[in-house]
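What follows is a group of structures, each given as C-alpha cells.
Two complexes are shown next, each including subunit A; its partner changes from subunit B in the first to subunit C in the second.
Presenting the complex of A and B:
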C-alpha cells in the first residue's frame, strides 16, 4: 500500500495545486513533495534488505488478459524512489526566488511528473511500466515547451518525437514478450524473466529495448536531442530531466534487458558497452570547450550516463551496483550543479563562463557548495561520485581490461572540464557581470545543504546504500548466469 | 587512539574552515598548529608503543561488494611510523612558520584550514592499510595541492598552475586506479597484508607478467604524484602557491608519496625487476634533466623546485636498484633540508617584499643572519658534503647504484655535481655580493619573526645531524635505519632472494666512492665560488641568454611541446566534435525523422485519417508481429 501512496500523493497534490491560486502554488507544492518525502523515508526505514518485492499492491486492470495495475519495491526500486522523493522537494524549493507564470500549472506539472516517475520505478506490470514511462514525458514536455528559452518549441518538439519514437520499440518488444507468456498470458515483469527465447529473438528484443532506453538516457549516438533540451528547458525541468528522468533509461536496462534477454546481451553486450564508452569519451571531450555552463553540464551528464550504461552492460555485480549508486550520486550532483548555474544566471543574466569570473571573492558559501558538488562530480574519494565511478570502472574493467582503461579516461577528462568550469566562473578577476554578486540566500542554502550532506554521506558510508540493493542485484545477475 | 592522528587535523580543518572569518585570527594559527603538534605527539606515542609487528586497526567497512570488502583501516608498521614522523613533525614546523609568513594575508584562516586538510589526507595516505585508503589520501592531497597552489585565486596564472597540477596528477591516478583493479582481480583483496602474503607465497615467478603490469600501473601513479618524467612539469608551476605550501606539500611530504608507494609495495616490485629497471631509468633521467634545468633558473623557488624534482629522481634511482631503505633515508633527509631551503627562501621573499628573482637580490647575509646561516646548512646538506645529512643518504644511494651499474653511478655523480653547483650559485647570488634590489626593498629588508626563524633553526639542526640515523659501518656507524626497516622487506627477500643478494662493497671501494662524490661536489662549489663571488657574475637577463643555456632556461621547451602535442589538439578535437560530429549525427537523426514522416505521409494517402499516423503505424506493427508470431507457431 505504501507504494500506491507514493504514486498517488504527488498526483493528488498536483491536482490540489492546479486548482489553487497561483501565488500559493509553490508552498502547497512543496508541502506535497515533503509529505511524499516523508513517505519515502518511511519506506526506506521499513525496507528489509533482501531480494523480495515489498510494500506491493495489485489491482485488476485488464485482469482477464493478465494485465494488472500493480507495483512493489525491491532494493533497486527503493534507491530510485529515494532519489525521486529526495530531489523533488529540493527542485521545487530551488524555484522559490524565481517567479514563474501560471505557477499553479507549473508546480502541478512537477508533481504529476513525480507521480509518473514513482510509477515507473515501482511498476511490476510491464504495460503499467510503459504507461508511466510515457506519462512521465508529458509534464516535462510542457514544462520545457511553455516555460523554456527562445528555441524551446523546435527543441522540445524534437525531444518529444524522438523519445516517443524510441518508446514505440519498447512497446513492440513488450507486446511480443507478452504473447510469449504461457496460458492466457501475463504482463507481470517477473513472468517475463522466465521466458527462454532463442538467441536470435533475444537479439531483436535487445535492440528494441536498447533503442528505447538509449534515447532516454541518452547513449551515443542517440543523444543529439539532449544538450539542446537541457539548455533550453527552464532549470527545474532540466533538473527533472537530468536528475531523475534519465535514470528511467538506466533503470530500464537493469529491469528489462539484463534478466529478459541475457542471450541477446551475450551477443550484443560488447557493442553496447563500446557505444556507451564512446559516448562517455565523446561527451567529455565536447564538454571541455563549452562556454554555456548549462550546456557544459549537459554534456558532462551525457558522459556520466554513458559510464552507467557501460557498467550495466558489463553484467557484473560491481558494474550494476556502481550504476545504481551512481544514479543516486549523479542525480544529487547534477541537480546541485544546475541549481548553481541558475543562481549565477539569475544574478548575472549570463551563463557564458567567458563573461564570468571572480565570483568567489564575495561568496564563500556559494564557493564551498560549488566545490563540493564539483568534487562529487569529478569523483574525488570520500564524495559520492567516487564510489559510483570506482565500482563502474571496476565492473567495466572486469569485462574487458581495455574498455576499462579507456573508460577510465573519464577521471582525467572530467577534471579537465569541471575545473575549467569552476575556474572560469568563480576564480580570477571580476567581470562587469560579477561586480555585484550577492552570496546565497536562505532558501538557496536550504537546497544546497541537503545535497552537500548527501555528497559526503554517500562518499563516507556507501554501504548504507550498497547493502540495500545488493540482494536484488544478485538476484537479477543469477538469472543471467544460469 | 590512532584514529586521532588524522582526526585532529580534520578537526582543525572543520574549525578554521566552517568558522571562516569568525574564528579570531590569533586563534586560527594556534588551532591550526596545535592540531598538527597534537598529531605529532600522538605519533611519538604510537612509535613508543610499537612492538615490531605490524598492527592493523579497522575503523569501519567502507565499500562492500560481493566478496570484496574494502575496510577503512590503518596499518602501523615501520614504514608508516617513519612517514608519520616526517609528516607530522615537519608539518608542525611548517604550520608554525606559516603563522608568521601568512600573517598579513586576508585568507589566513582559509590557509590553515587547507593546510590541516592536507595533513588529514596525507596521514590517510601513509596510515591506510590497503590500496584504496591510500588512494583516498592520494587524491585528497592532490585536491589540497590544487587548492593551495591556486590559493591566491585572483591571479589567472596561479589558477592555471593549480589546474595543471590536478590534471597531471589525475593522469597518474588513472594508472594507480587500474593497478588497484588488477590487484583486486589477481588477489581478491586490497589489504596490504593479504596481497603481499599471496604475492610472496611462491605462486608468482620473478617477472611474472601480472606482477610487471601491476607495478607498472602503480608506478604511473607515482610518476604523477612524485613529478617524474613525463609527468613532472606541474611541480615547478606549483611554486605559485604560498612558500610554506611549497615546503610542506611540494618538497617534504606529498611528492614523496610515490616513493612511499613503491616501498610499501616492495614485495610486488621485487617480483618485477623489469619494472624496477624502468623505475631506476626514469629516476636517473629525471634527476639529470631537472638538475640541468636548475643550473639556469633565476627564480629562487624555481631553482628549489627543479632541485626537488631532481632529488626525487635520485630516490627512484635508489628504488630501481632495490635499495628501498636508502630511498627512504633520502626521503627523510630531503624532507629536512628541502623544507629548510624552501622556508629559508620564504624568509627571503618575505624580506624582499615578494621579490623572487635572485638577480635582484644579493648581499642578504648581513640583513638576514638567521636565514642565511640556516640556508647555508641546507645548501651544504643537499650538496652532499660530509658530515651533513645529505652526504650520508646520497652516498648510500650512489653506493648501491655503483654495485648495480657503473655507468648509472657515473651519471648519478654528474647529477651530484650539478646539484652542488646550482645550489651554491643560488646561495652566492642571493646572499653574497652587493644588494641589487630597489631602494624601497633595501629599506624594508628585515629578519623574519621568531615563528619563522625557529622552524628554520630546528630544521637546520635536523639537516645537519639527520644523517646519523643511518651511518654506515665503514664510518663506524650501525646502519640503524636500515636495520629498523628490515622487517618490511622480509617477504620480498623470500620471494626474490636474487634481488637482495648483491655482494657488499669492500671498505676501500666505499671510501673511494665517498671521496669521489665529495670531491666533485667541492669542485663544483669552487667553480661557483669563482664565478659568483670572485668574478661577481650576476646571471644574465633573459634576453641575453643564448644557446644551450637558453634551452635549459626554457626547460627544454617541454611545456610548449605538451601544449602543442596534447592540449591544443584536444581543444581542437573538442571543437570539431561539437560542431561537425554533432552536426553529422543530427543529420542522420533528422533524416530518419524525415523518412518516417515521408513514409507515413505515403501511408496517409492510402488512409483517410488525417491524424494518428503514429498510432496507426504502431498498431500495424504490433499486428504484424502478432501475425508473424502465430504463423511461426
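Presenting the complex of A and C:
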C-alpha cells in the first residue's frame, strides 16, 4: 500500500496545486513533495534487504486479460524511488527565487511528473510500466516547451517525437511478449522473465527494447535530442530530465533487457557495450569544447550514462550494482550542478564560461558547494561518483579488458572538462558580468546542503545503499545465467 | 429494431416541426429524440441475438454497441449545431431530419444480415451525406465538395452493387450466412465469387476512405460545414467499419487466405497515405481529413488480422476515435467563429489555435486531450485503441505490419502536436473566447470520456 501512496500523493498534491492561486503554488508544491519524501523515507527504513518485492499492491485493471494495476518495491526500485523522493523537493525549492508565470500549472506539472516517475520505478505490470513511461513524458514536455528558452518549440518537439518513437518499439515488444505467455496471457513482469524464446526472436526484442531505452538515456547514436533539450529547457525541467528521467532508461535495461532477453544480449551485448563506450568518449570530448555551462553538463551527463549502460550490459554483479549506485550519485550531482549553473546565470545573465570568472573571492559558500559537486562528478575517492564509476569500470573490465580500458578514459576526460568548467567560471580575473556577485541565499543553501551531504554519505559509506540492492541484483543475474 | 422505426418517425416529426415560425424548439426536440432512440437501442441488451424484418436485419450485442456509438456521436454532434437557428439561409429542420434519417442508414449497415440491406443502408447514409455536404449553399467549396462526393460516391456504389450481383450469381444468396456456407462447402470458389467479393469490399473501402480510394476525402471534409465534417468522419466511419467487419467475419472468413494480402496492402497504403500527407497540411480541417484516413488504416489493420481481439479492438477504437474527433471539431468550430453552417474561406489553418491556452484554458485542454488521444498517447482512450489493434495484429502473427503502423504513429504525433503547440506556445490574438453552454457540456463530456477510457479501458469491455 505504501507504494500506491508514493504514486498517489504527488498526483493529488499536483491537482491541489493546480487549483490554488499562483502565489501560493510553490509553497504548497513543496509541502506535497516533502510529504512524499517522508513516505519514501518510511519505505527506506522499513525495507528488508532481501530479493523479495515489498509494499505491493494489485488491483484488476483489465483483469480478464491478465493486465493489472500493480506495483511493488524491490531493491532496484528502492534506490530510484528514494532518488525521486529526495530530488523533487529540492528541485521545487531551487525555483524559489525564480518567479515562473502560471506558477500553479508549473508546479503541478512537476508533481505529476513525480507521480509518473514513481509509477515507472514501481510498476510490476509491463503495460502499467509502459503507461507511466510515456505519461512521464507529457508533463516534462510541457514544462520544457512552455517555460523554456528561445528555440524551445522545435527542440522539445524533436525530443518528444524522438522518445515516443522509441517507446513505440517497446510497446510492440511488450505486446509480443504478452502473447507469448501461457494460458489466458498475463502482463506481469516476473512472468515475462520465465519466457524462453529462441535466440533470433530474443535478438529482435532486444533491439526493440534497446532503441526505446537508448533514446531515453541517451546512448550513442540516439543522443541528438539531448544537449539541445537540456539547454533550452528551464532548469527545473532539465533537472528532472537529467536527474531522474534519464534513469528510466537505465532502469528499463536492468528490469527488462537483462532478464527477458539473455540470449539476445549474448548476441548483441557487445555491440551495445561498444555503442555505450563510444558515447562515453564522444560525449566527454565534446564536453571539453563547450562554452555554455548548461551544454557542458548536458554532454557530461551523456558521457556518464554511457558508462552506466556499458556496466549494465556487462551483466556482472559489480556492473549492475555500479549502475544502480551511479544512477543515484549522478542524479544528485547533476541536479546540484545544474542548480549552480542556474544560480550563476540568474546573477550574471550569462552561461558562457569565457565571460565568467573571479566569482570565488566573494562567494565562499558557492565555491565550496561547487567544488564538492564537481569532485563527486569527477569520481574522486570518498565522494559518491567514485563508488559508482569504480564498480562500473570493474564490471566492464570483467567482461572485456579492452572495453574496460577505453571506458577508463572517462575518469581522465571527466576531470578535464569538470576542472575546466570550475576553473574558467569561478577562478581567475573578474569580468564585467561577475562584478557584483552575491553569495548564496538561504533557500539556495537549503538545496545544496542536502546534496553535498549525500555526496559524502554515499562516498564514505556506500554499503548503506549497496546492501539494499545486492540481493535483488543477484536474483536478477541468476536468471540470466540460467 | 425499435430504434430504426423510431428514427424514421422522429425524422418526419422534426420535418413537421420545421413548419413552425420559431426554430428554437428544433434542437432540444432532436436531442430528446436521439436520447430516446439511444435508450431504445439498449432495450434488448440482455436478450439473445435475434433477427428482424424477414431475417434481413440482425441484432446482437456487437451491433447494439456499434449503434450505440453511432447514436451517441450523433447526439454529441447535434448538440454542437446551436448556430443553425440563427442563420437565415439555413434550413435547420431539414438538416436535423436528414441527420436522423442518415442514422437509419448507419444502423442498417451495422445490423445487416442480407446484402440488400447493406446496400440500402449505404445509400441512405451516403445520400444524406451528399446533401449535408452541400448545405452551405452560397459557398463554392461546399458545392464543389458535394458534387465531388456525389459523383465519386455514386461510382463506388455502382461497383459495390456490381460486386453484390456477382456474389449472388456465384453463391445464389444475398444472405451473409448463405455466403459463408458457400465458402465453407466450396473448397475452390468460382472466380466470379472472388471478383464479386473484391468489388463489394472496394465499394465499402471507398466509404471509409481507405487508400487508394481516399482522394475524395480531403476536399469533401474541407468543403463541408465543420459540423457535418464531424458527422461524416465519425458516423460514416464507424458504420462503415462495422459493416466491413461483419462482412469479413460473417461471410468471408473462410476465404481469409485469399483476401488478407489484398487488405494488408490496402492497409499499409492507407497508413502511409494518411499519415505522410497529413504532415504537409496547413489547414487543420484538411489535416483532420488525412488523420481520418490514417485512422481508417489502423482499423483496417485490425480487420486484416481478424483475430479474436479484433472485435473489441474495433469497437473500442471507433468509440475513442469518434469522441476525440468530435472534441477536435467542436473546438475548431468555436475558434473559427463558425455560426451554423456558414464558414469563411481559409480560416481553418493551424493558426486559429494560436494563443488558445491563454484565451480559453478549457478549450485548449479539450483540444490537447483530443489530439493526444488521436495520437495514441497513454492516459487517453486513443492509446488503448491502438493497443488493442496492435494486440489483434500480434495475435495473428503479422508483426511486420506493426512496424509500419508504429512508424506511422510516430509521424502522427508530429501533426497532432502542431495544434497543441499552436495553442500553448504561440502568441495569438488577445481577448477571451466565450463558450456557449451546450458546447461546454459536449466538450467536457467528450474529454472526460476520453480520459476515463484512457485510465480504465476495461469499463467498455465489461459492458460489451
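Going forward, the second predicted complex is superposed on the first by the 482 of 482 C-alpha atoms of A that agree within 3 Å, B and C clash if a C-alpha of one lies under 4 Å from a C-alpha of the other, contacts with A are read in each partner's own complex, and residues count from 1 in each chain.
FYI, a contact is a pair of C-beta atoms (placed from the backbone, for glycine too) under 8 Å apart; a residue touches a chain by one contact, two chains touch by 3 or more.
This is a predicted model, so every value here is computed, not measured.
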{"item": "Contacts of A:138 with subunit B and subunit C, given as first, second, both or neither", "value": "second"}
{"item": "Larger contact residue set on subunit A - subunit B or subunit C", "value": "B"}
{"item": "First, second, both or neither for A:152, with subunit B first and subunit C second", "value": "second"}
{"item": "Partner chain(s) touched by A:15 [first = subunit B, second = subunit C, both, neither]", "value": "neither"}
{"item": "Which superposed partner A:130 touches (first subunit B, second subunit C, both, neither)", "value": "second"}
{"item": "First (subunit B), second (subunit C), both or neither touched by A:438", "value": "neither"}
{"item": "Which superposed partner A:179 touches (first subunit B, second subunit C, both, neither)", "value": "both"}
{"item": "Partner chain(s) touched by A:61 [first = subunit B, second = subunit C, both, neither]", "value": "second"}
{"item": "Partner chain in contact with A:165 - subunit B first, subunit C second, else both or neither", "value": "both"}
{"item": "First, second, both or neither for A:41, with subunit B first and subunit C second", "value": "neither"}
{"item": "Common ground on subunit A, meaning residues reached by subunit C in one complex and by subunit B in the other", "value": "161, 164-165, 168, 171-172, 175-176, 179"}
{"item": "Subunit C-facing residues of subunit A, complex", "value": "60-64, 127, 130-131, 134-135, 138, 142, 145-146, 152-153, 157, 160-161, 164-165, 168-169, 171-172, 175-176, 178-179"}
{"item": "Partner subunit B, residues of subunit A touching it in the complex", "value": "158, 161-162, 164-165, 168, 171-172, 175-176, 179-180, 221-225, 227, 282, 285-290, 317-318, 321, 358, 360-361, 364, 375, 380-382, 387, 390-391, 393-394, 397-398, 404-405, 408-409, 411-412, 415-416, 419-420, 423, 426-429, 461-463, 466-467, 470, 474"}
{"item": "Parts of subunit C lying in touch with subunit A, wherever the complex brings them together", "value": "372, 377-379, 383, 387, 390-391, 394-395, 399, 402-403, 406-407, 409-410, 413-414, 417, 421, 424-426, 456-458, 461"}
{"item": "Residues of subunit B touching subunit A in the complex", "value": "20-21, 60-66, 132, 135-136, 139-140, 143, 146, 150, 153-156, 159-160, 163, 166-167, 170-171, 173-174, 177-178, 181, 184-185, 570-571, 573-575, 577-578, 581-582, 585-586, 588-589, 593, 596, 614, 618, 621-622, 625-626, 629"}
